[in-house]
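So that you can tell them apart, the chains are marked A, B, C, D, E and F in the order they are listed, and the count of residues begins at 1 in each.
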Amino acid sequence: MSSIEQGLVLMLVGVAVVFIFLVILVFITKLLSYVVLRYFPEKEKPAPKKPSAPAAGSRDAEIAAAIAAATAYSKR
Amino acid sequence: MNIANAFQEFWNATGVMNFTIGQLVMILVGLVMIYLAIAKKYEPLLLFTIGFGAILANIPVAEISGPEGFLGIFYQAGIANGLFPLLIFMGVGAMTDFGPMIANPKTLLLGAAAQVGIFIALLGALVLDMFPFISFSLADAASIGIIGGADGPTAIYVTSQLSMRLLGPIAVAAYSYMSLVPIIQPPIIRAFTTKKERVIKMEQLRHVTQLEKILFPIAALALCIVLLPTATPLIGSLMFGNLAKECGVVNRISDTLQNALINIVTIFLGLAVGSRMEAQYFLTFETLGILALGLVAFGFGTMTGILLAKVMNKFSKEDINPIIGAAGVSAVPMAARVANKVGQEENPHNFLLMHAMGPNVAGVLGSAVAAGILLAVVPILM
Amino acid sequence: MNIANAFQEFWNATGVMNFTIGQLVMILVGLVMIYLAIAKKYEPLLLFTIGFGAILANIPVAEISGPEGFLGIFYQAGIANGLFPLLIFMGVGAMTDFGPMIANPKTLLLGAAAQVGIFIALLGALVLDMFPFISFSLADAASIGIIGGADGPTAIYVTSQLSMRLLGPIAVAAYSYMSLVPIIQPPIIRAFTTKKERVIKMEQLRHVTQLEKILFPIAALALCIVLLPTATPLIGSLMFGNLAKECGVVNRISDTLQNALINIVTIFLGLAVGSRMEAQYFLTFETLGILALGLVAFGFGTMTGILLAKVMNKFSKEDINPIIGAAGVSAVPMAARVANKVGQEENPHNFLLMHAMGPNVAGVLGSAVAAGILLAVVPILM
Amino acid sequence: MSSIEQGLVLMLVGVAVVFIFLVILVFITKLLSYVVLRYFPEKEKPAPKKPSAPAAGSRDAEIAAAIAAATAYSKR
Amino acid sequence: MNIANAFQEFWNATGVMNFTIGQLVMILVGLVMIYLAIAKKYEPLLLFTIGFGAILANIPVAEISGPEGFLGIFYQAGIANGLFPLLIFMGVGAMTDFGPMIANPKTLLLGAAAQVGIFIALLGALVLDMFPFISFSLADAASIGIIGGADGPTAIYVTSQLSMRLLGPIAVAAYSYMSLVPIIQPPIIRAFTTKKERVIKMEQLRHVTQLEKILFPIAALALCIVLLPTATPLIGSLMFGNLAKECGVVNRISDTLQNALINIVTIFLGLAVGSRMEAQYFLTFETLGILALGLVAFGFGTMTGILLAKVMNKFSKEDINPIIGAAGVSAVPMAARVANKVGQEENPHNFLLMHAMGPNVAGVLGSAVAAGILLAVVPILM
Amino acid sequence: MSSIEQGLVLMLVGVAVVFIFLVILVFITKLLSYVVLRYFPEKEKPAPKKPSAPAAGSRDAEIAAAIAAATAYSKR
């Protein structure tokens, strides 16, 4: 097979697979958006998420408090 | 050895006595790249570092790009093994917002269409192979074609795997044409669209939720794993960065990828790529062919992107301005800004930027997919 | 080769056609780790990167964790030689305040007591060795035991020196249980302390001067040099970072250790550790054993820490709340925060955080010392 | 010697040395604090330390001045 | 093995049982360096890291500076191949303002004159070679001489190319004397200038345009390429950083060179240099000779700089205060600040800082040029 | 040739070349300044340079606008 023929094969496979791949990705993306928007709609604000999971959500605040305490302590 | 001899020997080791014409030409090329970076702000981060690397690589006697020179060390550490482009891709992922694409997934198809330029240029390289003084294998042709992906790291990664000897000219062509997108694309856009098409207004994009943005990189990577494992180093790195950014819990990682790490790697990558511009490898007819084919690839990619957008506009219920098809070549974010600008020339109140960002980031995926195909199929065919 | 053949060959190289069940399971494991990192914020920096590395390592065909894959390159560059955990330790040192421990040096003993878990798990591993399908050498057992040190970099460093093949499960166990400390420790604390003990208030800590903070890392390193040279890479890196922070004249170094460097290394380390989670090495009975022993180690360490704190409370003239003994396992700063929280459950006005930081950082020293002992004695015994 | 016996030896050595090490460190730390607090007590503020060693202490100020001068100069 | 044996073996592996006197001495030397860094703020970034490296390198048993120790890894990664000093030079370039030198190009001559100290020390080393217990080849002598360049990265780079075994003492001498410039230079300045000369006021420097600052690094590199290719790794790195800063379009690169990258490399370089201070290589008569010759080099360089400045003051139409000649040794920016201070002792209203910055940065060029000559000629002569 | 003689040769070559190099650099620098100041004098402010090359100069502004738009969009 001449190299030009190889090139044509490569082109066909290439263009086909690029399109197949991205067409599938279009459907996956649509499906994903559908599922998310229908079953996991975003709460009005992301903030309220935290109170519902205080153990995890307030962790940063806790660290901040600890650091503040430590800083105050070490600067005494 | 007397003092006169010492001076004589010293003189024999000066640059003056050891220059080849080719080295002088390449140093000039490096200076021009630096000039374009500084005065024209063409892809300054890359043209500046590559240009400087080209100068250093062509200094006689010093062998800075040799295996023991410091550019040679950069090259071995991250170009020969494909590491640096993947690290850059992590940073790119952490800076990419797939939101506009998720809001309008059809634009993914434009990112596919614009990759046709890659394969046109690949064929072109095989045609040029028949000319005297030019010899391109299938692997060479594939590496040349990927210039049409309009994505520097992807081009460097593919070339490092398939056709190392052409790394210099391919990287230079890729970054140069990426920086020239504002000059290359507008006439092509105007040639293939009517004024009526160019004034089309597009509906505002819907809001995309954080959860969609978190799930998209995982879904895209999953598809890539299933269908195209050879593209997973590229897509995986991109999605690692993107997920790090979107998930919101690893900001240290996301910030590092976008700043310290990508900056350091850019310096090393640029200099190391420049070091592949040694005169004896760069000043060949093949380089001229590569530069010509790169332009062909960009032109055809822009055209096929636009043409598919026109077709989609016909068949879609929402209006699609065909200009945004040109952004499918990637060259993020330049191509999207060009699309926006051409659109505003016809109607100053038409804001296409966000709509063009969809095909633009889709083009990054598209060229990574094309890269994966080349990496998978070329070894089979050869 | 005709076009149908080419598609056939391409199809044969897809992920679909090359998956093993094990790889699918491991990709799922990686996804679960990422889920825990994002949704539960369990050690997000590490679980996110390790989980992503695990996914990439189990992609068929791509060989990303092989010697030429980019994860394999990270692995060789910094895990196989123990470099990355030491760089992390420098950053940890630059972020550690030994002040609370210097103010109350007795708490160092709690950092010692909680290391008993290490040796219990080590013994446990040797018992499991007698079961079929499980084979643990003394070096393996030592590496498994160090999970009980509750310190990721220490576990990775010891395992890289003694028992490389178990790196994946050991690192996963170490970081997972560190993130689960808020779930593992409270019931153990409650089981081994009375309500009366848990409400004990402790005297406020005295102010520690800068000179003490400067001299402590030097003194601790000196002791380590004299008594336990095999621990000096760990303790030396820790104290390098700590002294850089405390001395106040090399802020550029201290800032770099705490930010740019530790962030970059965390990315590389996490991905490289994840790359050791290839299905064929990870999905074994030994991994199950390691996970079980890790839990044993954490539990026993917590218990012995508490028990010594109870004894000390009996004999010390100042009151010691036994809860803070649990913080001796290290898992900085999680274990100290858990101690504080459990204390506040009984008495909301009882602030144990700073008192628990003493045993907590002592636990880091304690596990580094235990690591040094294992590195010194295991090669003698084998 | 069976591996369990080896493990027991390792455990004994390990627990013993960890305790020996940290007990010694307790004493060193106490000694160090005693000496520092007794012979090198902290001045009220760390700031006054500088005037007593002007050559070294004012170096940063000097650099700052130099940089300011240089900036002013180069921005002229 | 019974328990008593195990303790015995453990005891035999402690530091106590394996120390050599030399290692103790070197650990003390490391502590002194750290003390000077912290308490006296003498070149703290380098003396701190080198000192700490020296301590780690002299720990018995641990072999931290051996080929598998982490300091040995740093050493191989960036000192043995000359990479780290070049990266530092990029950062130095990005922090250097050649403006004062461009405004008054004559000061370049002072940067030349002060390099005479290099060659005096080189000769001195060859004289010492005739003494018993001391053996210096021509390459050794050249590396020792470069201490007089008063520029750490240049000294490390030259030594890594010519005379690796002397890296420890040469780097220590270079950074120590650089930090001692405020003590070494003032008496020499006073000895070779009259009070009348020291009160000379100099005309304010003219404004230098951005274009001049952009073109200067290119022009200087071009000259270096033509005349002295062996100096291009150093000068090229310096000018890469400087052009990145001055051109204004690659601020990401310039910022990275000045911060993240130079800080990370400084940590690695300092520790790795310290690792070359192992007792058996450092505690020799040759080290004493090197320390003595380094002082000679600094002294003579200061003197020749001043003497040329006196001559230039005689023949130039503008006044030149000879003090600024001392700044030609480099040791940026310490030497310029010393010149300023000595000037103000005579006349508190005489601000020489900006005038001394010219010779000061010229001294960096001068020592890089001298380095290039040594690298070019020494291999010819040997 | 004795090593001292070699050292003397090296010294002569070294001092000579350092001076030759830097003397040439003095002239190059003077020439460069002359040419720049004569033929490319700095405009009063660097800012006005941008309007004269809007395509390149306004790029940053354009990006800023795009980012602002994108941010506004994604925060909606």
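Following the convention adopted for this analysis, a residue touches a chain if its C-beta (ideal position, glycine included) is under 8 Å from a C-beta of that chain, and two chains touch if they have at least 3 such contacts.
On a predicted model such as this, the values are computed, not experimentally measured, just so you know.
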Each chain counted as touching subunit C and subunit E at once: B, D
Maximum centroid distance from subunit D, chain identifier (CA atoms): B
Chain pair repeating E-F, as identified from A-B, A-C or D-E when over half of the contact pairs by residue number coincide: A-B
Copy pair subunit B, subunit E: interface residue numbering same or different (half cut): different
Intercentroid distance (Cα basis), subunit F paired with subunit C, Å: 49
Length of the line joining the C-alpha centres of subunit A and subunit D, rounded to whole Å: 42
Centre distance in Å when subunit B and subunit F are each reduced to the mean of their C-alpha atoms: 27
Whole-Å gap separating subunit C and subunit D, where each centre is the average of the chain's CA atoms: 24
Multi-chain contact residues (two or more partners), subunit D: 6, 9-10, 13, 17
Residues of subunit B touching at least two other chains: 1, 6, 10, 41, 208, 227-228, 260, 373, 377, 381
Full enumeration of touching chain pairs: A-B, A-C, B-C, B-E, B-F, C-D, C-E, D-E, E-F
For the subunit F and subunit E complex, residues of the former touching the latter: 3-4, 6-11, 13-15, 17-26, 28-30, 32-33, 36-37, 40-42, 46
Subunit D residues touching subunit E - in the complex, by the definition given at the top: 1, 6, 9-10, 12-13, 16-17, 55-56, 59, 62-63, 66, 69-70, 73-74, 76
Residue numbers on subunit E that touch subunit C, as the complex places them: 1, 6, 9-10, 13-16, 18, 27, 31, 34, 37-38, 41, 44-45, 48-49, 52, 55-56, 59-62, 64, 68-70, 73, 259-260, 263-264, 266-267, 271
Contacting residues of subunit E [partner subunit D, same complex]: 1-3, 6-7, 10, 40-41, 97, 99-100, 182, 205, 207-208, 333, 336-337, 340, 351, 353-354, 357
Subunit C residues touching subunit E - in the complex, by the definition given at the top: 81-83, 86, 90, 214, 218, 221, 225-230, 232-233, 236-237, 240, 243-244, 247-250, 252-253, 255-257, 260-261, 373, 376-377, 380-381
